[in-house]
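Paired with chain B in one complex and with chain C in the other, chain A is shared by the two complexes that follow.
Then we have the complex of A and B:
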């Protein structure tokens, strides 16, 4: 394989990050794998740009930023969208970066299954299809004999899935415990350092763009619960789905509770727990100075193993280029495995 | 490849850990790679046990523990030692776990180069040959077309080399900063929590077996400096050797200095820094609650990248099974790459 033709589906923050990252790292990818990466299509929610000869990644990002839709891409912009994009051009790998949908997992589910049917490898940052139908999706990839990687779906730039599967492959994983949502960690960190009320910090976080206008997915623990299910399935072999996770968010944590914890040198954190008998996301007391004492939008996870004791990893849980870097590492691994 | 015949050179804590870990993980390795691992030789500093049909890993460990030397292994014990072991039996992979020698890197250097000449893959936990002659050793492996892996040489069970090379392969590494020696971290942690003098804690650490009878390698920063050089070469592409590292240990850190730091919410840690213009091991002030605030014998490292921001990893820097787990992961990677 000398060339890898990729389609980027979803062109929000993560999709644009992937385009920028590919533009920056083409030479590095070629150096590591001997393969030239070419973007042959990119699609936002309703339009796309498609060219078998390849698109300019920077121009894709500029077009989306300035014109609001990829159909405005010079010469190759069009109204093809959704799964039709996968029929409109020859490609080798789908980079799936559409928004997570925890109701029916669309459009990620249809896009991913269609790519598998077409015999294509897939890299995803999406949590919806993995949280709702992990076995079905991974099973379909296995049946099709293609590679499917999803490091970016948990923890953004924090490498937890590949770390556990590949970098400590000699170990059995007994449990994982961590902070898997950056927005709630930011809110709790500021409530702790400033003594302010939840509502005050949430509002400021929304103004800063750290929390969404509708913050439910983050503050009610839904996002962290999706990630909990993905880790349970992929790293502990637990056959679970989203509804198996006990979830409690942070919206009723009072500044008084945080002050009380501080007096005894404790912090309140939204902790995800993954073990064969416990799938849970809930506010928990953690000791100040422990490995769970990470602040701001950072994510962290501690993996308990049979041979290596506990291994912890800390990294940025979100961000455009940061999340894209995880997807690019997945792409590099796919290309290495092919050659 | 259906079978992998391994030789374990060095049968102290790490070598015995490897034998135990292989015994525990044969099925897992077979499951992951389709290859059956067989120990055909194991050698301590002056004797060995050798059998082309395979040795019993648990009996090797028992023999060494009870009789003090591997020549006491039933039927297959003998006085063959050093590089001669590599000529005495057919093998596929050398697991090199002899003690680090920072003067002339022997016997690791001769063993490793001979294995390469014989076209064999090598997994090592040794720091000496890598710290003194990184380019020569890695160059010899490349020339011979064999695989050479050394995760266990830095940070024991803390995965830093494979993490950086494989799990964040899309990123350029700008610098690494961390705590790479567990003994000094233990001493400084206890000086901080108890307010005791260096000499008092050192003595207790020696009684507990955490510090060596001659603690120079650890407390003067030599061990951390070796690891600094290995990270510089392997992850930042810096052509450096041991003498290029500026080293200052912890033996003149007073309890007064630690108390003074604590008043402003700082800790004193022995920090290793790796960047293109700075290779250094020295006691530094770090903020309490920062990612450098890890206590006891833990190791940690923060990798600064171009795309993913900072990624930190924390793990046990030593221990028999813990270090062996890193070597077994390296062996699994070698077997996967072969198939």
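Then we have the complex of A and C:
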């Protein structure tokens, strides 16, 4: 294979990050794999731009930013959307970056299954289908004999899935504990450093764009619980779904609790625990100066292994180019496996 | 020098041999061994008491070796080893019978609350930091009891990671 035609589904922050990252790293990917990556379609929630001869990544991002929709892309913009995009053009790999939906996992689920049916590889940043139907989706990829990678779904730029599956593949994984949500880590860090109340910091985080207008998914631990399910299934082989995780968020954390914890040299963090007897997201006490002591929007994870002891990673858990970096790494892995 | 150790063994065949094996390997002499297989402690394990003689360095290596092998040392030279547990409660801690909460933790074998620090907030929910000392191996019993109390009294618990 000397050319890889990709479709980018979902053109929000992550999708645009992927377009930008491809534009920046095309040459590098060619050097590493001998494959030229070409974006043949990109779609937002209702429109798309499609061209078998390839689209200009920068122009896609500019169009979306300036016009608000991809149908405004010169010459190749159109109203085709959803799964129809996958029928409208020849492609090799679907880069799926639609928003996470933990009610019915759509549109990610239909897009992904359709791509598998068509015999195409998929890279995703989406958590919904993985948290709700991990076995089904991964099983469908295996049955179709295609590659399916989802590093970006957990921890953004922080390598955890590929690290554990590939780099330390000699080890049995006993547990994973970590901070898998940057927004809550930011809120708790600021509550700790400033002594302010939860509501005050949440409001400021919303103004800064770190927390969303509806912060429920982050502050109630839902986002971290989805990631817990993905890690449980993919790295510990636990057949779990979202409802198996005990979830408690941070909205009840008072500044008094943080102050009392400090007295004993502890910090309060929203910790996801993945082990065969416990799938849990909850506020926990962590020792100051321990590997869990990371602040701001950073994510971290400590993997407990049988041979290598504990291995910890820290990285940016969100962000446009950061998340795209993980997806591009997955794409490169797919290309390397193919050739 | 001489040390007394009490180790906890699982009640399965071959455990005593596993304990004795490394002793001569590190150049330490076994002075006494007391092992009563039909006695079990509150964790359901069998304690074995050892008196050992050797160089301090060798004794240290042996203790490390025991720990590496997964044996729990519950007593050293007559002093019961303790684990410290810190936890935070948030909720109507006082109204939900604080005395009962503390009694139910203290009544666990080998478990005692050593400090209790509470911040009251008028009629609102209060926050408390509790420091507990527990005999080695009793941590899970403490966590289970805390979870049970929290569930019953609608308290938010923040345990150590």
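The rule we apply is simple: the second predicted complex is superposed on the first by the 339 of 339 C-alpha atoms of A that agree within 3 Å, B and C clash if a C-alpha of one lies under 4 Å from a C-alpha of the other, contacts with A are read in each partner's own complex, and residues count from 1 in each chain.
Simple rule for what comes next: contacts are C-beta pairs under 8 Å (C-beta built on N, C-alpha and C of every residue); 3 or more make two chains touch, one makes a residue touch a chain.
Being a predicted model, the structure only gives us computed values, none of them experimental.
More residues of chain A are touched by B (comparison of chain B with chain C). Looking at the shared chain after the overlay, A:158 reaches chain B, while chain C stays out of its contact range.
Of the two partner chains placed by superposition, only chain B is touched by A:305; chain C is not. By the touch criterion defined above, A:314 lies against chain B but remains apart from chain C after alignment on the C-alpha atoms of chain A. In the superposed model, A:248 makes contact with chain C only, not with chain B.
Look at A:339: by the touch rule set out above, it reaches neither chain B nor chain C. In the overlay built on the shared chain, the residue A:263 is in contact with chain C alone; chain B does not reach it.
By the touch criterion defined above, A:213 lies against neither chain B nor chain C after alignment on the C-alpha atoms of chain A. Here chain B touches chain A in the complex through residues 21, 24-25, 28-29, 32, 157-159, 162-163, 166-172, 288-289, 291, 293-295, 305, 307-316, 319, 321-322, 324-326, 328-329, 331-333, going by the rule given at the top. By the touch rule above, chain C contacts chain A in their complex via residues 86-88, 90, 117, 119, 121, 125-129, 131, 156, 158-161.
Taken in their complex, chain A has these residues touching chain C: 177, 248, 252-254, 256-257, 259-261, 263-264, 266, 268-269, 271, 273, 282-286, 292.
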